[in-house]
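To keep things simple, chains are lettered A, B and C as they appear, and every chain counts its residues starting from 1.
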């Protein structure tokens, strides 16, 4: 379990920063910023644990996660003027986060014997719903539903995960390659402004 | 259990279409449309299962539900130009959905020994919260809170369910009559533009 | 358990009124008003129970809570013209509610052996998320994230709770003093328009 926990924490810190930045943009107060950071960070994983009935949810029994969010948010608030310059690199944080969460979600689904398709859905929801909750609380239509290759990358990572599991790779390789698939697809999509084919040309 | 499952699937497909149509109106991308369809479809039932602690939630252990949503959404996206013409009949889909979900919710509540009043609340939430989540994610005040006889129809169906249960009817009749009650009230309300008495005349 | 239940009911009624008033402002219909009142009232506690896996959630097994919300909402709708004059005193209702919910949340966390920090987070979420759900469903950025000392008061109450627990006070005193701490901090903040130091002076 311990390396699942490490992945959880890394993803959590990345999401906390992304939540904090959106809350700052909405000019929330210190506590609003902190709560949005917290909810963004743990929202996807919390939903995942609730859906499969693994309660108390992960962050309640892993104080490391809670400390990581608190420290990340405090540091990020202190250095927020400098973060502003890093805003573009937020995409990278976020992308690593969704890669990690996708695979953690899949693995937690496997632990309770869910079908691969359901595991991929669970992984995708774990990865994307922190951001969905963040945008909803900030009174925006979730950005991932509109213009970005995001959930698509998660699903692709999940397909790679189960595709590779037919080969005799070690679990570490499975995890690593799947995470890198998510990250690669998302970064390529951002770099080359690739988006899904529009549904609206002909309307 | 098997006919509960069939009801779940039918309601799920109806809700998926309603979610998809609203997502298209918000000009979401393919994945946004799919996720809104999915969340609208399973949202009410997922909330129901979470509230009573029946996890992993229903769609995680019924691949049929997941396939039904995927196929419904793909077909609906392909034929979306024609769906546009059917937009008015969306009310019908939606209405059948809430009738089904109300009764499924009530029956699941009874299985865990909840009081009839709580069962009716559970049924009403199962029926209406897919739509509430849909509207919230689309950044709208949920339509059911504003101008439509909707939850009222669900509650009426629930009252009929428990009222009839004092008589010696078979369970199928209970289910059928309750569902038809919900559908009838909602369709009559829509047809004759009946809404609840306004609270605002005197403000 | 019985006095925890009484606290739950009192907090629940206070939150129901606050939900109802916001729903009236959005000109929702009777059922919309009722559902917003209900969701605001039980939202925080429901989230609390879901997160720790205590299902069916509290109001499903305490009909008193459900009756209290129904009666409160009916009375509040009937006397809504007079409530309008009481709008300013809504802050008081709300404040008592968050004080109560914070402590109930902490105590429920302790019952499942959670760490004090997690208990405080749980208490704060119990206290504040009814209002967050209320504002989100009313399509507003949650007010508690923006300008009010709110969650801060809950956290302070939680710190007092665990601070005092080192002394040999009876449980009733612990509870009472913690609740009064939350109420006092919030009311002082409202009275003297104290808010958290702004993050935006230098941006």
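Basically, a residue touches a chain if its C-beta (ideal position, glycine included) is under 8 Å from a C-beta of that chain, and two chains touch if they have at least 3 such contacts.
In this text, all values refer to a predicted model and were calculated from it rather than measured experimentally.
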Rotational angle, Cα trace of subunit B fitted to subunit C, multiple of 5°: 120
Same-residue or different-residue interface between subunit A and subunit B, half as cut-off: different
Averaged-CA centre spacing for the pair subunit B and subunit A, given as whole angstrom: 29
Set of subunit A residues in contact with two or more other chains: 50, 53, 136, 139
Residue ranges of subunit C in contact with subunit B within the complex: 23-24, 26-33, 35-36, 38, 46, 50, 53, 55-57, 59-61, 63, 66, 77, 80-81, 84, 136-139
Complex contacts: residues of subunit B adjacent to subunit C: 50-53, 109, 112, 114-115, 117-118, 121-122, 128, 132, 136, 139-142, 144-148, 150-152, 195-200, 202-203
